[in-house]
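Next up: some structures, all given as structure tokens.
Both complexes below contain chain A, partnered by chain B and then by chain C.
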Partner chain A sequence: MMELVCPAGTPAALRAAVDAGAHTVYCGFADETNARNFPGLNFSRPEMAEGVAYAKARGARVLVAINTFPRAGEQALWHRAVADAHGAGAHAVILADPGLIAHAADTHPDLRLHLSVQAAAANPDAINFYAESFGIRRVVLPRVLTVEEITAINREIDIETEVFVFGGLCVMAEGRCSLSSWATGLSPNMNGVCSPASHVVYDEVAGQNEARLGGLLIHRTPKGAPVPYPTLCKGCFTAPATDTGPAQTGHIFEDPVSLDATELIPRLQRAGVTALKIEGRQRSRAYVAQVVRAFRAAVEAAEAGAPMPAGLLAKLTEGQSATTGAYAKTWR
Partner chain B sequence: MDLTIGPVAFFWTAETVRGFYRDLAASPARRVVIGEWVCSKRLPFWQDEIPGAVEVLSAAGKEVALSTLALVTLRRERRQTADLFEAGLPVEIADLGALRYLPEGVPFQVGPTVNVYNEGTLEWLARKGATRVCLPPELPLASVAVLARAGRAAGVAIEVWGHGRAPLAISGRCYHARLHDRAKDSCQFVCGDDPDGRDVETLDGRAFLTVNGVQTLGHAHTTVAGQVADLAEAGVSALRLSPQASGFPGLVRLYDKMARQDITAGDALARLQALMPGASLANGFLAAAPGLRPVG
Partner chain C sequence: MLRRLPAPPLSPALAGRALSALLRRIARRNPAILSRLGPHGAARFLIDVTDAPLLLLMEPQAQRMTAHRRSAAPVPGHDAAIRGRLAAFLAMLHGSEDGDALFFSGELAIAGDTSAVLALRNALDDAELDLTAELEALARPPLDVWLRRMMAAAARRSGYVLSREV
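Coming up: the complex of A and B.
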């Protein structure tokens, strides 16, 4: 059966995910070492050890994401996170920074290493380079690839692949995007945040709802209509007319959609994908439990060769549209 | 400090490319990185200019390196990347995966789209043979200073993004084509219509980003014109200037004065603004502020 890798932003979410049928749970420490560095989220050292014990007792595994890029002069914080994840009994750490990966491989030779999506290894050569250089055992593939490309990659590499199937959707190559720091000074790579809530202001102006990020108007909707969270790459912008093209106003990068690749699970399985990943460490434990239950049913159906259960997640995506993203070539 | 000219980000005609490098040969730039950085579909239209440009630049005493693509996914792109290392010139990697093709023991350079955020990664690259690294534009001065120190110890020259629209993101999808309701595979090369990229504004008319094929740039031109003394003191060895369609020779001369610290920060900014009338200039990244923060 394909492995289901589920998010946990809190110990309660970790327990909920395990109880709902997650094979694996991923989480991070409560600091800048992980890419969901949000207030009130993530694990203290004792919580991590307890979480690992809880999962292990129920046959599940814990991965620790240490997937930001260490700040120059302060690498010790990241080195300590790797050592503490190892000490807590994590099944593996998920890393993105080559310097940190080199450190982990040298210092903790028995620690299993996964390559984070933030490392943006988007072709077999890049993946093989990481595997050969550091003994990486699994790569989380960037969300810029089609199913056909994933199939081709798996033919050329020996390590496991993990792909995102549900939740937030980055439309840029992940780990290589500075849109957020351009607008707010804070970025996923440096600070573990994207379009951070600390820089968001919602307002009502002249009968319309506005959402701003760092003072920049990102969404404007009629009064009464919901105004989406102002994530930069899903904002509404205008490209003024040029000599060769008319003005365009709209979601020029991506609509405010989320990823749902449920229908592609059988194809991903045939493509040789080992694990399916659900985004959402910032989500509530109730949400996590619901999504995990639905996807556990889906991977069991895929294993049995049965059709994907339809409408499992209708409630969770209600009012918000979903896309299969780059996995379908037409997205490009 | 001296000057490195980065690869052209935009899709220019072969003729424009030829004139651009002819002008650069006569400029005070120390070194030039040339090659298709953004989209492999553009390369057939101008690749025949590369040997001539290399010859003209080398004859003028410039160090020349070849750039890889910033995002390598297709088989054809992988082959092109491997071929670059056979060309007999130094290679600047723009995607870390390009290191897979690096012949054993061959030195290389690292461009600003590779994530070098800390001394651990810098030292690892140095062990692999890196001799020169242009740091990611979003790094603040405090990090630049630490990395310049580590670079000196490891024998790696450190460059900083000195001028030009900063590369902020790259995607598997072409947003330039999407603006014309086309997909990447049927783009009809619309990015060639916009020699400095296509502007993107917020809904209330504030200039924000510039779309350049699969790449997204900041709209304001990032400049270190007011911060050169800090960079020199930090031990930065070169400023990288990113090519733009108009007025580039004048910019190179001005930044050369800055690099040699022949001009005050105030004068440098005033002359820069005069060379680019109406352009917005930004310098937030080095100050650990939003990158688009206006100069002044």
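Coming up: the complex of A and C.
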């Protein structure tokens, strides 16, 4: 059966994931060493050890995401996170920065290393470089590849591949977002948060809901209408008139939709993919329980050759609509 | 529905005292809530349950909850506000609905300090609270058994999620 890799932003969400049938849960410490550094989220050191024990007792595994890029002079914070994840009994750590990967490989030779999606390794040469240089055992593929490209990659590499099947999409080369950094002065890759909450303001203006990031208006939606996350990449903007056409208002970079690749699971299985990943460490235990239950049923159906269940999770998706993203290349 | 009901038998002051007692009990039994809130524990949260007659002001660090008549002006000073129907708040608290999904669909709206709202949502989600169990624990036998039955009947009749689901 394909492995289901599920998110947990809190110990309660970790337990919900394991109880709902997750084979593996990924989570992070409560600091800027991981890419979901949100207020009130993530794990203390004792919580991580307890979470690992809870998962192990039920036959599940825990991966610790340490997938931001260490700042010069501050590497000790990231080194400590790797050591503490190892000490807590994590099955593996998910890393992106080559320097941190080298440190982990040298200092903790028995620790299993996964290459984060943030490393954006999208071709066999890049993946083989990480595997041969540092002993990386699994790569999380960027959400820019078609199923055919994933098949081609798997033919030329010897390590496992993990792909996203559900949740938020990032239009940048996996988190390397100059838009969010420019608007807030905080980098998704180094501070671990895209559209930091401290820079987001919601307001009701003339009967409409407005969302601003760093003072920039991102959305104006009628009350009661679906609302997306306050990210610039999914903002609704007006492009000025040009010689060739009138001014246009719309989602210039990306529509506010979420990934749902349920229907592609059998093809991903045939493409040689080992593990399916669900995005959403910032979401609640209710989201985790519902999504994990649905995807556990889907991977069991795929294993049995049965048809894929569809359309069960629309309410949980951003924009309340879903796409198969780049996998089928119908994505704008 | 609640708006059409007569004014609550408790005055805002009494309601505030009862809710503060509940808040103190929850904080005592779940110290992780305040540690997850961190500096946001000092924020004042306006809980605007749009189908209830009272506005609630919650101050987690002070372990204080005050109730204010909706008709009374001005709205009490606050750092962050969360607005929505009672059903949405109860479903989120008890793990049957996801807070972001309620936000996407416009069933919950927030204003003010977004970080504080996020920290509160995450801290409460991790606490896995069960309102029925908390109220039951405040009552002495045999009132606790009566209360549990009352809450179960109220949940069936109203459709509200009154105890933990996940």
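In this section, the second predicted complex is superposed on the first by the 310 of 332 C-alpha atoms of A that agree within 3 Å, B and C clash if a C-alpha of one lies under 4 Å from a C-alpha of the other, contacts with A are read in each partner's own complex, and residues count from 1 in each chain.
Heads up, the rule we're going with is that a residue touches a chain if its C-beta (ideal position, glycine included) is under 8 Å from a C-beta of that chain, and two chains touch if they have at least 3 such contacts.
Since this is a predicted model, take the numbers as computed values, not measurements.
In the superposition on chain A, A:116 contacts neither chain B nor chain C. Once the two complexes are overlaid on the shared chain, A:178 sits against chain B while remaining clear of chain C. In the superposed model, A:287 makes contact with chain C only, not with chain B. Judged by the touch definition given at the top, the superposed model places A:11 against chain C, while chain B stays out of reach.
Using the contact criterion defined above for the overlaid structures, shared-chain residue A:245 touches chain B, although it does not reach chain C. Partner contacting the larger number of chain A residues, of chain B and chain C: B.
Contacts of A:202 after superposition on the shared chain: chain C is touched, whereas chain B is not. Of the two partner chains placed by superposition, A:34 touches none, neither chain B nor chain C. If you check the complex, the residues on chain A that touch chain B are 69-73, 75, 96-100, 102-103, 119-129, 142, 144-145, 149, 152, 171-173, 175-179, 181-185, 187, 189-190, 214, 216-218, 220, 233, 235-240, 242-245, 248-249, 252-253, 326, 329-332. On chain C, the positions that touch chain A within their shared complex are 36-38, 40, 92, 95-101, 103-106, 109-111, 114-123, 125-128, 165-166.
On the chain B side of its complex with chain A, the touching residues are 70-73, 75, 77-78, 81, 95-101, 113, 115, 117-125, 136-139, 142-144, 146-147, 150, 166-175, 178-180, 183-185, 190, 193-194, 198-206, 208-209, 211, 216, 218, 284-285, 288-292. By the touch rule above, chain A contacts chain C in their complex via residues 9-13, 16, 38-41, 196-198, 200-204, 209, 221, 223-228, 282-287, 289-290, 315-320.
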